[in-house]
Amino acid sequence: MTAVDDTGGRAARAAARLVERARSGGRSAPLDTEQITERLGLAVDRVMGEGGLWAPRLAARAIRQSGGDLPEAAHLLRAHRTALPRLGVTPPVPTGELRVVRRISSAFRNPPGGQVLGRTLDYVGRLLDLLPEDEGRARSTAPGPDGNGPAAGPRPHAHEHPTGTPHTHEHPTGTPHPGTPHTHEAPPPAADGVERTPAHVLSVFREMGVVAPPSGAADPEPYDVTRHPVRPGAPRSAWLQTMARADTGSLLHLWYGSDWRPAGHEVPGELRHGALPVRMTHPVTGRPVTVGQVRVSEVQTFHSLPRAGELPMTLDVGYGICFGHNERKAISMAGLDLLLSHHEGAADLQHDVLLTLDGLDSTGYVQRLKLPRHVEFTSVLERARAARGDAPHTGDTA
Amino acid sequence: MSTATVAPPAWALKVEGLGRIYGDPSPESVPGTGPESGTVISPATGAVVAAWDVGFEVAPGEALGIIGESGSGKSTVMRCIAGDEDATTGTINLRGVGDGTVDVRTLDPSARRGLRLHQLSAVYQDPAAGLNLDVTAGGNIADPLTAVGWRHYGRIRERAASLLRRVEVPLDRMDDLVRTFSGGMRQRVQIAKALANDPPVLLLDEPTTGLDASVAAGVLDLLRELLEETGVAAVVVSHDFAVIDLLTRRVLVMQHGRVVESGLTDQLLEDPQHPYSQQLVAAARG
Amino acid sequence: MNDQLTARLAGPPPQPGIFDELSKREIRRAMLSGIAIPGYQVPFGSREMPVARGWGSGGLQATLSLVGEDSRLKVIDQGEDAGVNASNLRRLVVSHVGCEEETDTRHADIIQSRHRIPEQPLRDGQVLVLQVPGAEPLAGIVRDMDEQRRMHAEADYAKMWVRLYEDVVHNGLITAAAGYPVLVEGRYIMTPSPIPRWDVPKLDRSEAITVLSAGREKRIFAVPPHTSVVPLTFEDRPFEVEHTPGAACRLCGSADTYIVQEPAADGRFTTWVCSDTDFCRRRRTGDAPAPAQPVQGETA
Amino acid sequence: MTTLQPSAPPADLPAGSVLSVRGLRKDFTLHTIDGRVVEALHGVDLDVAPGEHVALAGTSGAGKSTLLRCVYRTYLAGGGHIWFRTAAGDLVDVAALPDATVADLRGHEIGYVSQFLKAQPRRSVLTTVASAGTARGMARDAAREAAAAALRQVGIAEHLWDMHATVLSGGQKQRVNIAAGTIAPPRLLLLDEPVSALDPANRSAVLDLIARLERTGTAVLSVFHDLDAIERLATRVVVLGGGRVLASGPPEQILRDSSLPLEVAR
């Protein structure tokens, strides 16, 4: 037996130490994970979505460990999850149970259940705030009718807390605490007529009879993309899962740049952000028990896609959902789902959705280019020389 | 079973009762379509009866024409024989497959595709359908050769060169990408590729349509010589009586998915019986 | 209350690790399928590893599924045991499983490698795990994955042969460098991962098992022992391995090993060293057969 | 190769005839002109024996060419039978045979020569004639020799033999055509005005060639433009008029019968 030459190992560890020093060597106070979950909630949400794991505190750790490199943080979360055993599978939750903290429909002036503007910067000027943090914070918590700026929709309500108490001001702590389980599931409608669990706008369209029937074969048992590789031809559940875990930027680009995106009037009929209960079947009683909740962003988008031999006025539906508050991702996902569901021939788009959106795959493929490859390069050079006839062509064979 | 060997049939290709319906394939789709009804669309089901009850035999060394206007079903019949699409009903037998006892429609898709290596070739109107334009002329011919096991570069090139010479493609173009070729030249390469493995059956779908008249004439001359020399059984699908007259000795006339008349080619030109055939001939005569 | 229920449902807390046992079993199953159908790409539910996809995540899953505490593990990248990546992967596995590190090819049970097969011929009982960045040899020929699968299923490889034919037409020779396509046991065309052509003959009728694992593409394939692996070439165009006339390793003098360029004292790339550092060391210490005389296509 | 369809010919056919036409009818329905019906043949009976040359005579429109084309199946018979005795001794009805069988018969046993040459493009004169011989079973070398002899006979100069037949003049083509049609004489040869465009010298050479066919036992059924050719070649003349046979007999008798409607050459 020989002593293992660990030159490379030492170099790798030294490199890691440099990163660690750069991250923790500053003079500011060490970063607490609470601070990340509370102050950088959208980053946490994005990492949980791309990591495919609802675990805010772990996601916060991953963000801190990766120095704010979110794809890297998502990778940490995924690799961590790989080591965990799978204990069970939750029964499906109808998203009608979603307790909204934000819910808008651009399709209706005033949809049944009302518009809930919630926490959004959509209507606020993008002005870099140069005030000290404390001052800005004090100002935003002060009560005032224009605290959120004017809203375009009628009767906007700026709810933030999912338990049903109406608020007219931004909640100072940001997102509702996701770890807190709720026991009451269907709160009564609030006094202003805004429901906490409003019916989907889709059901309104269904009643109007303008929604195209769902296309494609039945897809009862969801495909599990974490256990089975996907390739074009996979069922809808496979591409929905793939998109829910996709790199947000890649997904946005694919939707935005897609040749298949129909020109014209794609309408996010409904966008919601809120909490969904997670249940498990009780091992003894066999009944579902709520064991926690997750926050999700959900989008249903509508478009009248041209199809031969059909009335032009039927609407096709696209669906998007992801962990946390990530409207950009949910809207892109719904748009792509719409195209995938109704362009069966869009094999190229399916290929791209299923095989190019995963952040781990794409960043890994880039990473790989940084590894040494002189063995391959030597071989390539030799062929190039041989083709040019530089080297005497002995044609030695094996 | 008797051990006596059954003599192989005289025909190289036999088609019986061939039908192709797009849409509801049930029998209700058929009534109300065809020449008498003047449509291929089923009034009952809305299905398109693109071809129905088509049958013929072709002997080795014989060329059979199928003539009709676009939408008559002639190309559908060809695609069903070639295996580019599957017929709805009917049988297709090749002498080279089980001495003609096997309906090739019963073969599994892989075996069916395998027929295209040895048993039958197709030449399409659009050379891009039968060729890879981003491969050299020689490489396109290497495709069917390597598919049946040729592994000697020199012999592949010899065979490709002799085929290209036969179809009168200058050999100094052998290593040029087909994309750089003119339409007539591409068609010649496609013909060479189709003949690479000496198939007993050759299907020609509008082989000269889309070519300039003078170029088409050259390709037709070539085809006629090849049909005579090779002893191949050919099916020539065309809307053009001049092509049919030059290449075939028997012909079927198709209209609205049905065969309305069949006969010797000269008889069909000189003494057409069916009103539609007479119309076609009159139109061809100008 | 919910916390208690969750704890009860979860059972004992999981061992900190990389990979759960059920997943390892699934990957062993995929490897067995690959061994049963030499050269066939078996899809598997590739897990997320603590290394980047493309950084050996596929090889790592295969290795982790195979090693036990008593295994001797050798990991090389570009032929070197001491490279940054090789060291990192080896450390990861050893710390997870507690197996023995090994650099001597002769004594290793499992050899995970990127881009090389050791010069020392492998023996019965050894497993070579090759990291695969791109598993599909037909990828550059047709894009449609269904069509790729059909071509494999029907052994319809004419388009691959046309590619080689065109190569010779345009370049006078087959320019495929590393990752040269091979035919396994006369049936499936396989890419042997980007090993140099020098290493391809070592796969043919090897006594060891070769497992090729692509984490990103989620496919595993294998070459069982004593299986024919034939590089695709024309009968009149002999397969050529890398060869630079007159070049030899400046450390051990070998001209019958795979050598890569090194800068000389003047900074110009004029000297060569063995890519396989273990074998080079053995040559220098007289622990390996002396170099064969001027190279004539030495192979395993 | 070809299995001829078993047929049931009437018992009273002349035992030795190659061709026996019985009750042949033909009319043309013109669907493109409101379904107008043009009548051509109203029940023609006719026999041709081996070595016999039967010339059809009559005015223009009498149905001479129509009859020839019905026998060759370029026209479909509208009624009646066209009995043909094959080399194998079978009597088959050309009017009822499958197309493919007729096509085979045409290749081997029934020839048709018109004034128009339907030559293969890009094929030399010699090859055009020789391949007509090989198509009827001659050996390649024998066919080339016979082709050369036939071309000399009809006065095609040797320097033209290598040229493509399609570039020849009308008269040359006609002579190549007759050379090809007679090189390996079929059992039944149908001649449709084969010398109509020839100058006197060449015409005479071609007629000599046709005259020699009698010796080979070929049965000939012909339509000639001029009575002179009929007189020189025919062993029997059948006069058609109004789609029927008006008279039949030796040429010296028929051609002198001024009561018959004959078209006389200028």
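As written, the chain order gives the labels A, B, C and D, with residue 1 at the start of each chain.
Keep in mind that, in the parts below, a residue touches a chain if its C-beta (ideal position, glycine included) is under 8 Å from a C-beta of that chain, and two chains touch if they have at least 3 such contacts.
Everything numeric here is computed off the predicted structure, so don't read it as measured data.
Counted as hops between touching chains, the shortest connection from chain A to chain C is 1. Traced through touching neighbours, the fewest hops from chain C to chain D number 2. Located most centrally within the structure is B, per distance between chain CA means and the overall CA mean. When every chain is reduced to the mean of its CA atoms, the largest separation from chain A belongs to D. One inter-chain figure worth recording: chain B and chain C are separated by 48 Å, centre to centre, where each centre is the mean of the chain's CA atoms.
Mean C-alpha position of chain A lies 53 Å from that of chain B. Averaged C-alpha coordinates put the centre of chain B at 34 Å from the centre of chain D. Each chain gets a centre from the mean of its Cα atoms; for chain A and chain D, those two points are 87 Å apart. Touching two or more other chains at once is no residue of chain A.
If each chain is drawn as a node and touching chains are joined, the picture is a simple open line. A list of each chain pair in contact follows: A-C, B-C, B-D. For chain B in complex with chain D, the touching residues are 10, 57, 59, 62, 217, 220-221, 224-225, 228, 249-250, 262-264, 266-267, 270-271, 273-275, 278-279, 282. For chain A in complex with chain C, the touching residues are 1-2, 4-12, 75, 78-79, 81-88, 181, 224, 226-229, 231-233, 280, 283, 289-292, 347, 351, 360-361, 363-368, 371-376, 378-380, 382-384, 386-387, 389, 391-398. By the touch criterion stated above, chain C contacts chain B in their complex at residues 153-154, 156-159, 161-162, 165-166, 168-170, 234-237. Note for the complex: chain D touches chain B at residues 1-3, 28-32, 69, 73-76, 99-100, 102-103, 120-123.
Here chain B touches chain C in the complex through residues 110, 113-114, 132, 135-136, 138-140, 142-144, 146-147, 151-156, 175, going by the rule given at the top.
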